[in-house]
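Two complexes follow with chain A in common, the first pairing it with chain B and the second with chain C.
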Partner chain A sequence: MFLNNLSYEIKLLKRSHWLLILLISTLVLFAFATFNGEKNVEKRRNDISIMQNELHKNDSIVHSALTKIENGEQLDIPYSQLPTEPMVIGYRHPRLAVMQPEALSFISTGQSDMYTHFKSPTVYGNNFALDYSEMVNPVQLLFGNFDLAFVIIYILPLMIIAFTFNVLSKEKELGTLRLLGAQPIAITRWLLQKMAIRYILFTLITLIVLLLAIGIFSAKAFSEPINVIGLILIIAAYIFFWFVLAFVINIKINNSAKNALALIGLWLLIVLVLPATINQIGNSIYPTPSRLKMINEIRLIKKENEEKQNEIMSEYLRIHPELAQENDDLKLGFWHNYFASEKVMEEKTKPLLAEYDQQLQKQQDLISRFKFVSPAIMMQQALNKLAGTSEQHYNDYKKQVFEFSTTWRNYLVPMLFKNEKITKAKFNKLPKFEYQNRISSDVWINFLGIFLMCPIILLVVTRKQLKDKSAQTLSL
Partner chain B sequence: MKNIIFKELKELTRDGRFKIVLGISLILLVIASITGISQYKKNNEQYVASTNTERTIWETQGDKNPHSAAHYGTYAFKPKFALSLFDYGVTKYTGNSIFLEAHNRNEASFSEASDQTSLARFGTLSINFVLMYLFPLIIILIGYNSYTKEKEHRTFTLLKSQGVHPVKLALGKWFATFIPIFILTNLIFLTIGLVLSNLDNLAFFSWSSLLTLFASYSFYYLIITTLTVLISMWSKSSGMALVSSLMLWIVFSFITPKIATNVANTNHPYPSKLEFESRIIEDRKNGLDGHNPWNEAAKKLEEETLREYGVDSLHKLPFNYAGYRMQKGEEHEALVYQKHYAILNDIALNQNNTYKSLSFVSPFVPLRFLSMDLANTSDNLHWKFTQAAEQYRIETQKFLNYDIKDNAKVGERGYKMKADKFKELPKFNFTPPSLSQILKENRSNLLVLLLWFVFPFIGLIITSKKL
Partner chain C sequence: MANTKLKKQNYKHMITTKNLTKKYGDFTAVNNLSFNIQSGEILCLLGANGAGKSTTINSLLNFIEPTSGKVEINGLDVVKYPLKTKTFITYIPENLMLYPTLTAVENLDYFTKLSRKTFNKTELKAFLTEAGLQEEAHDKRVKAFSKGMRQKVGIALAIAKDSKVLLLDEPTSGLDPKSSNEFMELLTKMKNKGVAILMATHDLFRAKEVSTHIGIMRSGMLQKYSKTTDLSLKELETIYLDIMNFKHVN
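Right after this comes the complex of A and B.
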């Protein structure tokens, strides 16, 4: 019976041109989205290389200046720009802390349009309160990108709905349902088989087209086969979820127009209304701590700090005796003073910022717990994580940059106080930043989350109908 | 025609689906309003508190060197506008505070979105979210089968045989599709107006802006209504009509804006922040640096000043030259910033024009722009705010630098401005553009919306006669 069903189904789909339409539309959508995604990544790479080239150019100027100095030549550079001074290198020639895109970054823009991908932490200045937002037209952020994530999360379900909304109801409306009922197969089983066939066809076509699009526009992605497999699996699970919904609606409602409306309503709920509502309610119940208040508080600390600056210095020297040198040089006196006050400023703002970050983290955790309400949210999180563009990735990048700024300072400040000069050899050995993707992709959790929803929905909603082999409960 | 409208509306009230959708929309509206109002209140309180605190910090600096105070700086905070609780616009994506200090023009920092999870990128439930995305769907739901059902029930010939004028029939169905939403919209806007006008501490609320918003949304619904009925006329079955209308809705409100983003980004890319900054540094090198007296432009200024006052040395000037030079340097640098920010704004305008040129594919786009402009939550308003803040920064610098110029003795190192003088600096004040100015800036959006109505409506009339 299954083979019968299969061959009939394929014949049917071929004649209705459904497969062709599906093939063409997925091809167009995926190709365009992949192309766009790749273009965004390219811009990111391009921006990075512009900055790297600039750094390179500056470095070679510094290098030649250092060579001249080492050769004993006189240079026409003011003291405050002399590259032999550790502070000049530390402040005027910082290193670039770059966050390179991942191999799969093109699948989802995620938060990458909002944050910067390079930072130059300096030896002094507020490295703990750097602003990581990127220059961007806010309208762009408002409307979002046409990337693969959009096609997968928003458009694929609609195509599934169009593909499945009337599988059963059509038979009823054509009057062939009663005929079917006379066949030696339970209608629910027959429908299950039919849906399974369509699911496999749909998934195969989508995935093959997707892989094709990736192969053409962004072949580098295949260098991370595990992530590609994760991508394939999670898309298969998401498609599965929508097929299960369609199956349930087919059994429960069984009227083409009503089926379509119900499915569209569900789409609207899952993809649009639920995320927006959760976001809004979440932010009302667990509000983001006020940045304005934080600004006020930091300002007060700063003001206090400036007033106390002179008293503080001895305290700092007490903690860092290795830096206290018998030196009457005015310059060192200034730097001692400066770093001392900065250290105090940092120590005082630290609890404030930590508290703020904690509150923020709590809010983000709470909201992300809601993700299990809608597969669309899970899907978005999974895709962002695969793409390396999730908020976790950017938070971690910030952390890495901060760690690097400490390394940078710890390398240069002791040099200053030991009165060491930067030489060519030392310049070549300056600490370098290397971004590491330390966030696990979690694709399996989201995969399971979406996948497990399906049997639950099936069991809860259609328990009666599935048991009922004689299809009495179906409105024939 | 009255009969037609009446009959259609009666049918509608009997339709369970309509009731469900309406119920859901209303629940969402209530949630959106309650959360919106509470957030607005909270944000507004924070704004008022921060502004006052910052001012107090500024005024209680004590005796201080003016230039040291200039480095300590102050903040400009963006006020909360009453209608922002109707349409959040881009406020989530722009910062609300700008640090104003000597020598540097800073960007608005700490946007809300950058503190939130990526969930925020799905959009936020606000009143206009319901009005912009869900209400057109209700219209489609009401109107998709207005003609197809007559065809399917074979009542269309019956109708024609009764001698109803086809245009009257079309208009009747058109009105019947529009009226429920129109009444609803009326009620919603009236409620918003009443609620808003009863809120305390409300900034910049005007009934005329609200009325304009109401008119814009109603007009958008007219467009959707016309298109829905037109599609129903063209379609053979209700299913087809529904699918086509929904397709159109998706293309209008999701696909077109997103494609526009990609097109705009490709054709008019923004520089990265670091790149932007390094361009400014490059220009500043060639400019006049307030700290560096050996700069070329400073020399020229020195010569000119000496000549103007007819003296041969800076000591003989009737004022402290250091303060004067510092201010001139500040203004010179401000020009560099002005130049680069103007370039940036041009890119933004070009990008927005890309969106607007795609208005011909989607009437949603002009409505989106118009709505946030009217609610004072647009990028346009943000730009005006940053301009005002920059103006204020320069004035603050002038206030401080001219204090040195007028009061400090020549060559005096430890000069301090009197504590009381800090209070004399005027407060930062930002007023949003007037309604007529907003409308003037949105002429193209209004025109496109008008065209989106006129052509389908003509199509509707012509098609109705052919049926």
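Right after this comes the complex of A and C.
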């Protein structure tokens, strides 16, 4: 029966021009989304590249200045810009901490339009630890980006609904269902085969078109074959989920208008309402802490420190005898006092920052725990993971920048206290930031989560109908 | 007479209902209905709308489960063996609908394959010709077919499936006299081949013309069951109108 169904289903779909419509619409949607996603990534790369060029330009100026100084030439540069001073380098010539896009970043904008991808942590201030947000067009935020994730999560289910909502009810309305029911076949099995054929066709067309679009607009993605396979599997599972829903509705309702309405209702619930509700619950239970409040508190601590400057410096040198030992004639200036109080600041602000981070983490954990409620959430998480644009990625980037800032200071501050100068050799050995993607792009849990939902839904909702060899459970 | 039992040992009972009752809540659609149809017999069930004719056919197709009683096809309980019993049946509803974008041959091929029978194109065309469908219509899409043409495809399906049982629900309603005559000729041919036929109809005259037995149903009950040869058309008309509570106009 399967081969008979297969050949006639393809014939019927071809003659009703469905396959052509599907092919054209997926082609247009995927091509535009891939192109758009790649454009966004390109912009990100360009921004990074501009910053890197600027840094290189700046570095060569510093380099030539250092060469001249080492050659004994006199430079007409004020002390505050003298490149031999560690703090001048630390403050005026910081390194660039760049988060380069991943090979699959084009598939999902994720958080990439919310956060920056480059930071220059200096020895002064802590903006690098606080402010990572980008200026974003609020209208863009409201409607989201037209990327592959948007097409896959929001539009593909609508296409599946249009493709499947009336598979059984159309037979009923056409009048062929009674004739089918009179044949020695179980209608539910026949429908299951018909849906399986449509699933195979839909998935094949979707994935071929997707790979074609990626090949044309972002061929680099194939350099990560495991992630591309992950992408293919998770999309196949997501399409499967929607086909299972359509099968259940076809069997349970069996009226075209009602089927369409029910499926659109489920689409709204799964794709929009549930994710928004879970987000809202996360916000209500663990409200996002105020950044303004935190900055104010940090300022108060700073002010308090300024008043106790002398005590703080003595305490600092007591803790760091290695910085005072060889410099009995050390003149304590602005930078010395600054780093001494910065240490105290760090200690006092640590709980504040930790509280802020913990609250955000709790929010994300809650959303993560509830992700199994909606395959759309699992899908978004998986695509963001593959794209390297998830909240986790940006948090980890922030963490890496923070770690690098410590390395940066630890390299320069001892030089300040030991009154050492920056040389060409030392300048060349300045610590460099290298972003490591430490977040696993493993999407197996999400894949299994979506995939395993399907047999559960089938067995729980349509067990009776699946057992029915007659057509009694369907109103013919 | 509700419980008439026909017993002819030399013929096999192909269609049997035994005290068939179907209730929808308080409403009884079919009430204690029993009859047998043997190979080569045509039973015409006459009755007004809602008399229970279609419910009887739906029970034989296992589209609905009887509230009580039994229905059998070729000696097999329809409820216990729904798929097996359907291998013997061809069903032609009042308005036989086929896939409009497929040709007559393709439709026939699809439905015969669903019955696990495979034929080549020449054989399929031969079945369509035997069913009276003109050759030039064989490769045309059925969306342009008349009701009569579609019913011929249905008969071709019965021939191809080598069906032992034909269930017809108001097959001639809406057919022009020529098509109706052609259809009756086809039924006679099928009967002569030994097919057991149950036809639900309003058409008294066609029923008299083609059937071997006539049953008149009212309110789900078989009010009259008789051999067609035992009744003249006039008598049949009188009985029918009487049962239906209509005044007989001479």
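Here, the second predicted complex is superposed on the first by the 456 of 476 C-alpha atoms of A that agree within 3 Å, B and C clash if a C-alpha of one lies under 4 Å from a C-alpha of the other, contacts with A are read in each partner's own complex, and residues count from 1 in each chain.
The working rule: a contact is a pair of C-beta atoms (placed from the backbone, for glycine too) under 8 Å apart; a residue touches a chain by one contact, two chains touch by 3 or more.
Quantities reported herein were computed from a predicted structural model and do not represent experimental measurements.
Undergrad: Look at A:P184 in the shared chain and tell me whether it touches chain B only, chain C only, both, or neither; answer first, second, both or neither.
TA: In the superposition, A:P184 contacts chain C only.
Undergrad: Check the residue A:L12 against both partner chains and state whether it touches chain B (first), chain C (second), both, or neither.
TA: Only chain C; A:L12 stays clear of chain B.
Undergrad: After lining up the shared chain so the two structures overlap, which partner does A:N4 touch, if you call chain B first and chain C second: first, second, both or neither?
TA: second
Undergrad: With the two complexes superposed on chain A, say which partner A:L352 touches: chain B (first), chain C (second), both, or neither.
TA: In the superposition, A:L352 touches no partner, neither chain B nor chain C.
Undergrad: Of the partners chain B and chain C, which touch A:M114 in the superposed model: first, second, both, neither?
TA: first
Undergrad: Determine, under the contact definition given at the top, whether A:A31 touches first (chain B), second (chain C), both, or neither.
TA: neither
Undergrad: Any idea which chain B residues touch chain A in the complex?
TA: The touching residues are 17, 21, 24, 28, 31-32, 35-36, 38-39, 42, 46-47, 49-50, 53-54, 57, 61, 72, 75, 77, 89-90, 93-97, 107, 109-126, 129, 133-134, 137, 141, 238-239, 242-243, 246, 250, 254-255, 257-262, 264-266, 269-276, 278, 344, 347-348, 351-352, 355, 368, 379, 382.
Undergrad: Once bound in the complex, which stretches of chain A touch chain B?
TA: 36, 39-40, 43, 47, 50-51, 54, 110-111, 114-120, 131-146, 150, 154, 158, 162, 256-258, 260-261, 264-265, 268, 272-273, 275-284, 287-288, 290-293, 295-296, 299-300, 302-303, 306, 360, 364, 367-368, 370-371, 376-377, 380-381, 384, 390-391
Undergrad: Help me check something: in the complex, which residues belonging to chain A touch chain C?
TA: 1, 4, 8, 11-12, 15-16, 174-176, 178-186, 190, 469-472, 476
Undergrad: For chain C, which residues are in contact with chain A within the complex?
TA: Residues of chain C touching chain A: 61-65, 79, 82-84, 86-87, 89-91, 93, 95-102, 106, 110-111, 113-116, 154, 167.
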